[in-house]
Each structure stands twice: as C-alpha cells, then as structure tokens.
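We just call them A, B, C and D in the order they show up, numbering each chain from 1.
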Amino acid sequence: MNKVNITINDMNISVPENYTVLEAAREVEIEIPTLCHLNLHDLKAVNRSASCRVCVVEVEGRGPLSPSCSTYVSEGMVIKTNTPRAVKARRTMVELLLSDHPKDCLTCEKNQQCDLQKLAANLGVREIEYTGAQSTYEKDNSSYSIFRNLDKCVLCRRCETMCNEVQTCGILSGMDRGFETVVGPAFGLPMIDTMCTFCGQCVAVCPTAALTEISNVRQVWDAINDPDKFVVVQTAPAVRVALGEEFGMEPGTIVTGKMAAALRRMGFDKIFDTDFAADLTIVEEASELIHRVQNGGRLPILTSCCPAWVKFFEHQFPDLLDIPSTCKSPHEMFGAIVKTYYAEKFKIDPHKIVVVSVMPCLAKKYEAARPELSGKGMQNVDYVISTREAAKMIKEAGINFINLPDEGFDNPLGESTGASVIFGTTGGVIEAALRTAADWLTGESLEKIDYHQLRGLEGIREGTVNIGGTDFKIGIAHGLGNARKLLEDIRAGKTEYHAIEIMACPGGCIGGGGQPYHQGDSDIIKKRAEAIYREDKGKAKRKSHENVNVIELYKEFLGEFYGEKAHELLHTKYQKRELI
Amino acid sequence: MKKLKNIEELKDFRDKCAEKFSGPDKIRIIVGMATCGIAAGAGEVFDSIAGEVMKLGLGDKVTVVRSGCMGACHAEPTVEISIPGEESVLYGNIDSQRAKVLVKNHIMRNEVVTELVLEKAYETIS
Amino acid sequence: MCENKFAEEKFRELDGFIEKVGASEGNLIEILHKAQDLFGYLPKEVQLYVSRSLGISAAKVNGVVTFYSYFTEIPKGKHVISVCMGTACFVRGASDILVALEKKLGIKTGQTTKDGKFTIDSLRCVGACGLAPVVIADGKVHGRVEVDDLDNILVELESGVR
Amino acid sequence: MSTKKQLRIALKNCGVIDPENIEEYIARDGYMAIANILTEMTPEDVIEELKKSGLRGRGGGGFPTGLKLEFARKNKGKKKYIICNADEGDPGAFMDRSILEGDPHSILEAMVICGYAVGAGNGYIYIRAEYPLAIERLKIAIKQAYKYGLLGKNILGSGFSFDIELKYGAGAFVCGEETALINSIEGNRGEPHFKPPYPAEKGLWDMPTTVNNVETLANVPAIFNMGAEKFASIGTKTSKGTKVFALAGNVNNVGLVEVPMGTTLREIVFDIGGGITGGKGFKAVQTGGPSGGCIPVQFLDVPIDYESLREIGSMMGSGGMIIMDEDTCMVDIAKYYLEFTTDESCGKCTACRIGNKRLFEMLEKITEGKGTEEDLVKLKELGEIIKDTSLCGLGQSAPNPVLSTMKYFYNEYEAHVRDKICPAGICSSLTKFEINKDKCIGCTLCAKACPAACISGKVREPHEIDQDKCIKCGACYKACKFDAITKS
C-alpha cells in the first residue's frame, strides 16, 4: 500500500493511503471520539454513515468540519483534531443528542456500558443548552429476545448495517424522515411478527439502550428462590471464554471453574454443562450424516444448533427444509434429557425442574419458547439468560467473581470433551462432528484430530477432508450474509458439499448477541476463539463419542444412536415461515 | 420519417423545417401553455383561437402553437402573434373572448390591440 | 366481493407494469408511483406485494414509502384540496388560507374529514407562482385565492361541477 | 446598446416553439450543436470549449461545468452516467419546470453532448412527480428524438450511442443534493452520503457520474452554437452568461426572467419586476430558497453573481427570487424556511435532524412572544455550528435564512423578544386587531369577512372585536374600507 504524508496536530506522519483520518490519528495515539462509526475489519462489517458528526475535525482547505471516520487521508493533508471549533461542534452534537434522549441513566439497562454516556462524560457535557420536542415511541417487548426502546435511539444506523449488510436479514430500515426518523421493521410491526432471526447482532452493536435483550433475570431469581423448584443451570461453551470480561478480566481468559463456582453460590441446585449436550448432538449428527451418506439421503447436511440460523432458513429457504440436520440444538437436547432421563434417574418430578440456560445468544431465548421444543406439556428449556445477564446476576448476588476458586460441574450432565468446547467458535461443530465420523467410518481411533484447514475467521471457508479414502467436502459460513451466499449456491446447484456448518453470528457463538459488548473491537472475538481452542487442547478426551456419560446415557436410557428414543427426544422439525 | 444519418441530412431537414414554420407567409399565434398558463385558462384560450382561425378560414396562413412559458406569469394567459416582416406582439391577460378579438383585429384587420399588449422585455441571443 | 375482484385486476395491472419496467431495485420508486396511481394509496398488502415481486425486504420498501412525502399509506378523501405553501404563495397569504380551510373542515392538514369527503394537503410549490396563492382542488388549479373563495371551491367540489 | 434588461439564452426557445414538435426545435438549429460536435470535435475539445465558456452550475453550487465533466471523463468505470437534476424543490421557483415544459429537446441535446464528453452511454432525468406536464413533454421529446436517430444507437452515423430514461422523484427536497438524488434513482431512501467520494468518482451504481441541473444543461447547446467566447463575453469576471430567476412574491410582474450575470437586484425588482405590489415599500429579496438568505435594501445595487451574493450572506441558489414588502415579518420568514428544512431533512445526521429542529423551535418560541434575549444568542451560535457540522448541503445551508435575517433585521428579532411586538403585525400571538370607534361607520363589512364570527355591532354603529375569539387572521383588517381597524 502506498503511503502518504500528512500533518496531524502539527505532527508529520506517513500513513497508508487508504486510511481514514480517524485511523491515522489513532496511529499516533490521538483519540477522536466516535459514536456511529463501527469497523469490524475481519468481519467486513463497516458502518460509515458519518451521521453522528461526533468525530468531526478541521481539515485545512475544506470549508465545513470533516467527519474523521469517513474522510480519507491524502498527500499533504493538514488536520487539526482538537481545535476549539471542532471540540465545540462535537460537544454540541452530544448535547443535541441528549436533548432528544431520556435522561434516566441511573436506571438504564446500559448504565456504564453506554457509548453516549461515555461521550458526554469525556466531552465534559455538564448541561444541555437546548431543549425541545423529545421523541417517544412505544416500546417493543413482543419477542422473547430483543427489547426495543427507540426513545434511546441515536440513529447511528449500526443495527441497520448489521441487519442488512452483514446478516442480510432486512428486518430493520430507516423509516420516516427528519426528526421523526426511526429505525425499525416494516409497518412498525412488533419484532415477533417479522422474519427477524433474533441473532441479536443489532443488540451487540447498539451504542445505547435502544436495543437490548429481553431480560429473564427476575424470573430466574424467582425460580432459584422458590423452594419447590429444582433449578438446574447449563452453560454454553462460548460463555466461559467471555464472562470474565464483564468483571474486567482480559478477553480470552477462561473462567470455566469460577463460573461453576459462582453459579453454585447463586443457589442453582445443579450446575451442568451444555457441552455435555454438545457431545450428544455430535453423536446424533454424525450418525445422521453417516446415515444419509450410506442411504443416499439428501446432502449436504446442515448443522442445526444455531437457532437464528434455523429461523433464517425457515423464512428464506423454505424449499430446503429437508437438508438441515433434524438435531435439536445442544441446550434443547439438554433440557429434554434433564426432564426425562435425569428426572427418572434421580426421582425428581420433572414438573418441578426448571432448566436455565446461560447462553452467548439472544435467539436461544426465542428458541426456548418454540412450541415444538417441548415434551409432556413442559418446555425443554424454561429460561435463557445471556452471558451479560449471568454477569449481572453474579454482581447482584455480591459474589467476588475474580477471586473465586475453580470448581467443577455436577455429574452426570457436566462431563464433556474437547469436541464440545469448540462448538463455541465458527468451524467447531463441523470439526467435532468429523472427529467422531472419522473414527466411526474408519473403525479406528484416529490420532489426527485437529482440522486446521477448517479454522479461522474467513466468512466462508471450505475444505476437503479425506476419511478412510473418501473425500468429504465441507463448507463453513458464519454471519447470515455468508450463509445466504452458501445456500444460494447450493440452491442453484453451483456447489456440492457433504456437510455444512453455519453460525448466524460473525465469529460463531463467541461473537453472539448475548456476549459482553465488544464495542467494535474484533480482536476480542479472536482472543475468545483462541481461548476456545486452548480449552479443547487441555481436555483429556477430545472426541464426543468418547464422553463416558454420553455412552452411559445411551446404554441406560436412549438405546441406539439415532434410534427411536433419540428421535423422540433429540430431534425436531422445521416449518415454512412468512417473509415480512 | 427515417432516422437522420448524418449532419448533412440534419441540415437539409432543418432548412425544410425552417421554411415550414417561418416561411414568408406564415403567421404564428403562440399560446403560452406551461403549467401557469394552463392553470390560468390558456387551454380555453387556445381552443378559442383555433376555433376562430378555422371559422374565419385562416387555417392555411395561420399556425396556432401550444408553447411553453413566455415569462409573464403575472399576466397569464399570454399570447404572442408574429407576422412575418413585423415585430411580434405579446399580449397578456387573455381570455377566450379577448382571444377572438385578437384574431379578428390583429390578424384580419392588422390592428394591434394596444390595451392588451405587454412589453416584450427581453432579447434573445442569436 | 366486487372490491376483491377490483383489487385483483389492479394487482394484475401492477404485475404487467413491473414486467414492463423490470423487477429491479432501481425501479422501486417508479413501481410505487404506479401502485399508488392504481390503488390511490399504498396499503401494507400492496407494499408487501411489491417487496416480494422485486425480491427486496418489506422494511426497505416501507422505508422508502415513508421517506418520500408523495407516497401515502392512508387513503385520501373523495376530494383532495391542496394549498400550495411554496414561498411565493406563503408571502401572499397562503397560510391564512390553510388555517381558514382547516377551521372550515374541522381537520388539520394531512387529515380527512370523518365522512371521508375531504382531505387537506399542503404542497411545496406547484410552480404556478404567478397565480399565488394557489389552491388545487381535485387537480384543478385555483389562482389568487382569498379566504372568501373557499366556500365556492368546496361547493364546486361537492356538486361535482368542474 | 439595448434598453432591454433581459437576455435569453437558456430560455431562448421557451414560449417560442411548440415543445411537442421536434421539427420546431430543429428549425431553430436544434441538434446542430451535437451534430457538429460528433462530426468535428473530440471529447476533450468539448470539455475545453465548456471550460472556456466559463459556464458554472446553475443549481446553486456554481461549480464549473467543464471541470465537472473532465473529472468524470478521467475517472475509469465500466459504465458512466449523465444525470439531469430536474428535482426542482425550492419552494417558489419554477425555472427548471419552465424550461422542461417549453424546450425539452435542449436538455436532451445537452445530455448527449455531456455523454459524449465524458464517455457515458446512459442518461437519466430525475424529475419531480409533481410536474406532470413537464414529464409528459419530456416523454414526447424523448420518443421523437429516438425516432429521428438523435438518441439511441449510432447517433447521426457517428458511432456514438446514448440513451435517456426518466426517473421520478417522490417529494423529497433533499434529493436535489446529488448523492441523495443518486440514492433515490437506485431505489433507496434519499439520504445523502458524505463526499468525497464525489459522483464523478463513485456515483450511480458506483460508476463515474455527472449530475447537472436543468438550466445548466439548457445553456450547453447554446454555447456550442454561439461559441464559447461569445458566451464568456456576457456576465461578470467570475460568473459568465445569464441566470434565470423565478421572480415571485410581492412584486408586480411576477414571472420568469433571464438576465446577464452582473445585473443588479434593483434592475430586476424595479425595472423588470415593476416594483412592489400595492405601492408598498420594499423590504428584502430572498434568493437561494431555503438555503439562501434575505438581502436588505442596502444591497439592491449589488451586481448579481455567485461570489457577490455569497458575500452578502445569501447565495445564487437555483434561481428562486422572492420579493418581500414592508409588511413581511422577517422572523416569520426565517421560521417558514426552517419549518421547510426540518420537514425536508432526511434525518440522517444529528446536526440537521435535531439541530435544525431546535432552531425551528426557538423561532417558534420567539414568534409566540416567549423568546428571550438569551435565545437570540443561542440561535446564532447553534446556527453556525449546524452550518459547520451538517453532513450535506441541505443541512449546512438550512440556518442561512435565520442567520441572514438576524444579520440584517436584528431589530425585528429584538422587538419580538424584548418588546413582545411583531413590527410587521404578522405573528398572530403578538398581534391585536382593534376597531377605532371614531372611524368605524358600521358598514358591517368586517363582521361579514370575519371567519370566526367574533365581530359584533349594529348597522351604522361602531363594531367591536371579541378578543378572546379572534383568530387574528386579519380578514377584517383587509375588508375595512375606512382604515377603522388597527393592527398592533
């Protein structure tokens, strides 16, 4: 890349010519505040709407102030970032935003995690000079996953970029214009009546509390405090590599042990691991794959553990409903097993069992409410809380998380292998499935189980894996936009795969809509992914079918892999849904 | 009409058109029929003039033209009469009655209806 | 029943139009114009129909419809009276006319009377500034309007005399 | 030297030819410019000639047209586009409509010339749906031009091909801004984006695109027919040629005028416009529409060009020129324009969406008699920040009507906030109508005129206004023939 020479705050520097003024400034440790700007390089998600006008700077020779996020450097450019004129304009923009914003910071969901709040503090806004009409809209809590409070929207349009350009879901668009502009679904519909997948990526990038999760914290506390209930909690693989961030720990810190300890102290009756169910998912899914391959079934098989992805194809690819695996997602399998096998084995009335899932995901909340994911009048999973909500509960309970000792999960549903851990990152599910399928197909216990060609953060990846002389063509996509491309190619007959893994969120579950806010820093996602693979490496067993408790479960209760009982409890069906 | 294939054909065609519209015996009555004019009643004025021209048997000599804005919005509808060899005359505030008067007086008797004349305040670049 | 049949025909005509201009995103606004011509306004079903025909999200279609003031999602009254609020009309008293009209009909600009007879609109310049202030009643332009003229205009509309 | 003040170049065929008949256009040398260009000139020659003519964009910005074309020519792209901006959104302006209705072929010819100059094969005319007649006439013109081989493939046997399509606006003033316009053509919400990249680099469907306004284009064939030198000999040092203005408001000869650059405002208002209606006093002339400013009497002798208008706090704009008489309240006018821009703001950027809304609210407060002197300070301060910080030209120029009226008519603002009076008697909250009992003869005209029925009195006896019911419309004031009603 060619470099250009620029002067910024009287410093002469040389930067690549494709840099924005903002990037150039950061190169020399000059902070320019931003609000609407978002750039997730590796995920190719950029919001460069230049609409908030908070990052304006003076560029010599240009009349009005320039937004540094969208102004590209050029040879000889002279920039001043901190002149009274620029600073005053910035402060005024924040004041204007605040003049149309509820001032309930103390009780706000995003208190201390809000970009607008930080901006106001950093720019020293002490009073709001301007007053006038304030936008008020009806709050939308129609869905199980996403709460919309447009009174707090600053029109940064990040959610719109995520929803349309990255996820290609097309739920959110700017509506109306002028002061009345809002971002929302068509016809002002409640989210539940749209084809929203509830992936929660809009929530993940919202700088304020305009978009947050529908909280289940109260319900979970109520269940814990109800002596009549037997409350079990399960935690998804991606939670353990991110939860620490909520307590100020370095991204990528593995806190599995502290998490188990914290949950136990909060009063859950049993602390289990969704990883156990992930192993279960793998033996079922690998069986299904082999079954399809050997019986001329339809290929490719698509993974089905991501509920946002499931809802996505139900809306958008109703003609392909027969290709996804019929496996329920791991936490749903877990719920089904707890309320049958576990209840029987430990003689607990299943109606008294409350299953709580701690998930990196907001779509899991919606998934838990799907009527078909139930049995005997009970939902498989009762409540889903996000990683963030779990952290809030830990804080509410007065637990000093950082100094907790490491504790383990309870048995028998707390045992897991390395294969299940990697479910948390893109490519992990398919790698886990291959570890099992390869052993089964070759009839050997293979040594080589790290499928490096399937790892990484590239949006669409493919690889061919040779198992016992047969080439298996594997496709991987994360982010629904990438998934769409892959699916469209399949629909058009352009590509052929044996198996495909799809995760709705960029990065997989580690980048889920319920994870600690990454504030646009994609390094955080990378660090979480590295932690996932570290956790895998550290496991004694790294193949799902070697999980002794899983083997025991089939022996004692389920019978055959992919058998009748397994179908009844562990598999599901899909339905066509409307396109709005 | 076939497509014009080169500049020569265009020039020939231009000359033919010029003769057709501004030949020495061509009188033009132009009615300003932009949005403003039509809103003020230029449509009725046009019909009235065309009717009068027909009635008086002037069809061969006189072309009645629906044109665009003449600029004098304050005096819509406006009509311009141009007789070869004479300075054209711009009239304002015409209605269908006055239109008939214009045809009778200006065309038939060659008398300018002075009380309806507007000053034509512009030159056109040649 | 009869209305359904009407609607069906309109959808067929819309289909024909979409086919003619091409079902591409670049023709969205043109297609919405046609749809509004046909249906008189752009109800949800029509927007959804356009969204599906062009393969673009309903949110995007609705976002476009709500952005442009020419498009309306609410049916208009039998008669539409628009007061031009361009500057030329404004300095010649158009706002007095608008206020008087609102008072007369008991509705605000953009609203329709309860009996569905009249809708008041305000327009941004129809380009007939020479006749300011201008009122357009069912497409007919009335120039140099005064408050006193409004009764006549309303009577004219109701009696159907054009 | 002619005594006539007006000179028609852009309007040369308007009101002269039948716009629905291509033969009339051709008879007046129509399509000769493009014919000569295709036969004798290279694209570079065309650009050079336009640069020499000094033609600048008539849509408001005043950017040199030749340069604009040159940028688009130099930028590479699989396709290139020429767009005619016919989304005349300035309320009170109708220059473009008149040209399109009166001389549509000149626009088509100009677009072909521009297409040849930049190497574009496609043109779009983006026109407001509110202009049905202009649309109709354009449609006819395009059809005829195709029929005669003046549009389409292999124009006049030159090997150059150019197509033109109409695209309709749908009522959004902001679409006059070129990036918003391009978004709209692509079928999107008409939200502008930050420039650069300019359309000449990344325009319609990301291809190099030139956007020109109608009047600019109307000058193009004329320039080639009369020669760039001749065109450049008209006007001032920096602004060449003529400018069309839509003269409206409180002026006798409302109409469309075309004058050489450098003509003074006085000549336009008084010589061409015939002075103020009703013999009233002149107060201000507003140019540039919602983006422009109000020019007071002391600048009536300023010769009009891009720079001089900017210097006195207004702008050329697209050519709306509204004359205001002594009965106009300048605060009310500023409020009118701000209401317009807040209504038309796309809502994208903070400065315009909230900033201009707050300006409008402050003006509303002031006209209601609730303003304070502190509000005036804030009004100016915020107005200047919005100018400096908004994303697009609409937002950047929206405070101009406020700032220019504050600059020249500050005393009126002061009267509203300090003395709580509206000197022009326009702001109804600050106005009171009363009947002077000595002058009233009881003719009942006022009572009949009152829409609120709040004037009572017997015939031939002095009448009285019920102040609680009065809606302050001023109908009685206008109706009274005996000066018996006072406004304060």
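To be clear about the criterion, a residue touches a chain if its C-beta (ideal position, glycine included) is under 8 Å from a C-beta of that chain, and two chains touch if they have at least 3 such contacts.
For clarity, every value in this text was computed on a predicted model and none was experimentally measured.
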B-C compared against A-D, more contacting pairs: A-D
Inter-centroid spacing, chain C versus chain B (mean Cα positions, whole Å): 35
Computed distance of Cα centres, chain D from chain A, in Å: 50
Centre distance in Å when chain B and chain D are each reduced to the mean of their C-alpha atoms: 29
Rounded Å distance between chain C and chain D, as computed from the means of their C-alpha atoms: 24
For chain C, residues that touch 2 or more chains besides their own: 56, 60, 63, 67, 126-130
Shared-contact residues (touching 2 or more other chains) in chain B: 35-36, 38, 73-74
Residues of chain D whose C-beta touches two or more other chains: 94, 97-98, 131, 172, 189, 191, 248, 254-255, 346
Contact pairs between chains, per stated definition: A-C, A-D, B-C, B-D, C-D
Chain C partner contacts - residues on chain D that touch it in the complex: 88-94, 97-98, 129-131, 167-173, 184-191, 246, 248-250, 254-255, 286, 289, 320, 322, 324, 328, 333, 336-337, 340, 346, 449, 451-452, 471, 473-475
Chain C residues touching chain D - in the complex, by the definition given at the top: 24-30, 32-33, 56, 60, 63-64, 67-71, 85-92, 96, 99-100, 103-104, 123-130, 132, 147-148
Residue ranges of chain C in contact with chain A within the complex: 44, 47-48, 51-52, 56-63, 66-67
Interfacial residue positions of chain B with respect to chain D in the complex: 1, 3-7, 9-11, 13-14, 17-18, 20-22, 30, 32, 34-36, 38, 65-75, 78, 80, 121-126
Interface residues, chain C side, partner chain B - complex: 126-131, 134, 141, 143
